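Consider the two complexes below, in which subunit A is the common component and subunit B and subunit C are the respective partners.
What follows is the complex of A and B.
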């Protein structure tokens, strides 16, 4: 009897599958080796959301690829639109109109905010705080209303940011509406900053990623900023018109899940600051390059190769594109920030945590299976 | 502000809901929304640009049925809404404005064949054909 009790207290090893059909994980699985309540090791199991975009893009012209590029990450479609458009612009050597640059920044930052709101929502549901999830999706809808008005679609802008500029101008009264929505978002940020005891109890000191490990495992974006590195592509290598705006890069040094959550909140504030400045300085003029005004089913991209990197909301996203002189890219390699967050970083952080903390660690990294699998 | 969320939740008990009761009321859809296509066969010049630009290869140029071929001898757009991503590139490229995306979003169906939109012919032509055949 005592032997049995002792062996039960030691715990037994077994495998636990977190995902791919788990409501908390998206289309992504983690194979956990469990001892009692503790995770001994974790192996990521990606590939359930592979849609082959890199290959699809080799058979389509840039304007069609702009439509496809939305789906690289559903939750921040406009950031990926921007990244694709920048790669093609650089290959074609187009200098896009000033107004288009400002509109691109405004919609990309709005997209970043709504992605961070979702992050708050899923992190809340990961720790069992369902109210946060409902709040987040309620407030996100205000931004989706803006997207519906500006781009014509709520979630998928379908290539709104296209090579040469943007596909349509801001509608009448858009500026005021954006400012109204930003007020609502500030309300949401106040709610997030309420020092919720649930968040503190569940996230403080959980899954600490030191700066050394963050660099070694290839973390970027909010994850590495929460570990103490001040890095942001918008500041380090400014694209579009980011160098004209005054904003800060939030940094925290704790490296735990709570620090990552706070970085997300702080980044939303900075995005609001950027949008307000962009709306103030928004110039008049055309929104798309003359030559690309009408979509063309045929056209030439000059020979060359280009590597463009951007700060998408999850980290550093990049496009590597080679053109062989025909109208379609010869090769298109996409670097999704979630790839390194979901495989080496997640596997490293999950070692030693309790089963109940697995979703909290998973979502504290702000990851998206869609841009991992592409 | 340790328990700030609780006071906030108490406040929410007396505030208006964020949602609307859908079948009875709805949030208005913005101008320029990309919904179901409206295809005007009389404006169409059968250039086929929409079929070429479509990223999902949704549009196929087909011949009109035998009965209408006299009035409509060229090829016209057949749109498979099941494949469509509603990008509106066909609307942007159309030189005559024959394809327009409307605000209709109620496209859910149980029958896959319903989602294929064949070019529809004007009522006058249909009645003409009916008269001639009798």
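What follows is the complex of A and C.
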């Protein structure tokens, strides 16, 4: 009997292509070697979404690049907007108006919340829990409505956070609407915690990433925080006005998929806390620097180079921008957190899991093919 | 009192031949020769720069050089150090830092090999990452004219709808 089983297992070696056109994978492929039900090895196969943004940006002025930077990650466009704007601000040596800083923080945190809601949604569908997916996308729409009101675009703000500040002031009554939506989001968090048993059953003990491996493989953001490292760019290296707010960095020590899920839930609560404080302290004044009010900036971008880091919802995002004084960046390196989460970390974690757990492991890393491929 | 950036810069200058500058709080830029790269990086890793935030390449066409940059973050000191080193553009070979930052550096070097054509000696896997069946030169080089390349490769002059690209 055992002999028969063994020979059957031997005969069941095969390659499985998970993605890039798979409903559970996003625009990204993983080549899996399977033995029976178990993954023997995994090789990431990116490139399906490669658009060469780094090169494109070398041929465009910052106001155009601000629009391109939306597309760096579909699910958190405003965070990438902010990162690009900060790089140009620093190159030009602009200190943006106070009110703009607060508005930037508010929209960036809203963007982080909706990105985490999507994370909950796709992780739900990754473990076959359809209701969670529908819940998530329903509640996400409240935030998209806010984005439409504030930026004019639901998913892509088309460069709302632009070099020098933000393009428009908050419309009348925006503060109350944001607070109303935050109430709705708290409802969503309650629901996430309510559905916890499903996640517990599927995710506990799955794909454990130790702190040693997390550092070795270059994990950042929620992934490394779930493995026991207390780090967050918003605290380590405060940008905009994050140093004025009171919030916690959630840390867990288990390092498994369930810990990562819990980090996501906790981070949404912290983001709500930040937005409430920012709305309370929101100062009056202009929202964009005088020099950059018009689409073509008056002063050219001086020569120089900057490395700007931000905490985007998936981890550490960074822009390395070099200017040669021509007005267009000479070189633009974009560091997306998913680059390392989807190549070394994913390949490492998928080894040895069951086929049915592949989507769960995959989505527990909160990944976005768009910022990997760029 | 000297800031932590100044203390660090003094320490590194006394040990290695580097040109260093402090840009602002938490940002230090170091330029060094290719021969010093690995000893410097090894020392930096020992000093707590365990996170390779990014590895980038800049193509300085007029100078005929590639500049490889390593952006290193220390979780303890909370400083970001960028190590820059220039290599010849015609023969772009540099030692790999895979032995220091493992799979993290491996993935970054693999990307840079594909986009700039730089050989990282000691990297076990430099197969293409993004591009499939790519026959052209490394696409992120400054002298690669992608507009011309796309025209030649993907558009047809005889096609009525695509002739506009040639006018």
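In the analysis below, the second predicted complex is superposed on the first by the 361 of 374 C-alpha atoms of A that agree within 3 Å, B and C clash if a C-alpha of one lies under 4 Å from a C-alpha of the other, contacts with A are read in each partner's own complex, and residues count from 1 in each chain.
One rule holds for everything that comes next: contacts are C-beta pairs under 8 Å (C-beta built on N, C-alpha and C of every residue); 3 or more make two chains touch, one makes a residue touch a chain.
Just so you know, these numbers come straight off a predicted model, no measurement behind them.
Enquirer: In the superposed arrangement, which partner chain does A:217 touch: subunit B (first), subunit C (second), both, or neither?
Expert: It touches subunit C, and subunit B stays clear.
Enquirer: Quick one: classify A:229 as touching subunit B (first), subunit C (second), both or neither.
Expert: Touch partner of A:229: subunit C, not subunit B.
Enquirer: Touch test for A:167: subunit B only (first), subunit C only (second), both, or neither?
Expert: A:167: touches subunit B, not subunit C.
Enquirer: Would you sort A:340 into first (subunit B), second (subunit C), both or neither based on which partner it touches?
Expert: A:340 contacts subunit C only, not subunit B.
Enquirer: What is the contact status of A:128 with respect to subunit B (first) and subunit C (second): first, second, both, or neither?
Expert: neither
Enquirer: After superposition on the shared chain, which partner residues are touched by A:285: those of subunit B (first), subunit C (second), both, or neither?
Expert: Neither partner.
Enquirer: Would you sort A:238 into first (subunit B), second (subunit C), both or neither based on which partner it touches?
Expert: A:238: touches no partner chain.
Enquirer: Where on subunit A do the contacts from subunit B and from subunit C line up?
Expert: none
Enquirer: Sort out for me which residues of subunit A touch subunit C in the complex.
Expert: Those residues of subunit A that touch subunit C are 46-47, 50, 52, 54-55, 215-218, 220, 229, 231, 236-237, 305-307, 309, 316, 318, 320, 322, 330-331, 333, 335, 339-340, 343-344, 348, 373.
Enquirer: Once bound in the complex, which stretches of subunit B touch subunit A?
Expert: On the subunit B side, the touching residues are 1-5, 8-9, 18-19, 27, 29-34, 49, 52-55, 85-89, 92-93, 101.
Enquirer: Where on subunit A is subunit B touching in the complex?
Expert: 60, 63-65, 67-68, 131, 138, 141, 145, 148-149, 152-153, 156, 158-159, 167-168, 171, 191, 194-197, 294-297
Enquirer: So in the complex, which bits of subunit C are touching subunit A?
Expert: 23, 26-27, 29, 50-54, 56, 58-59, 69, 71, 73, 75, 78, 80, 82, 101-104, 106-108, 111, 129-132, 139-140, 146
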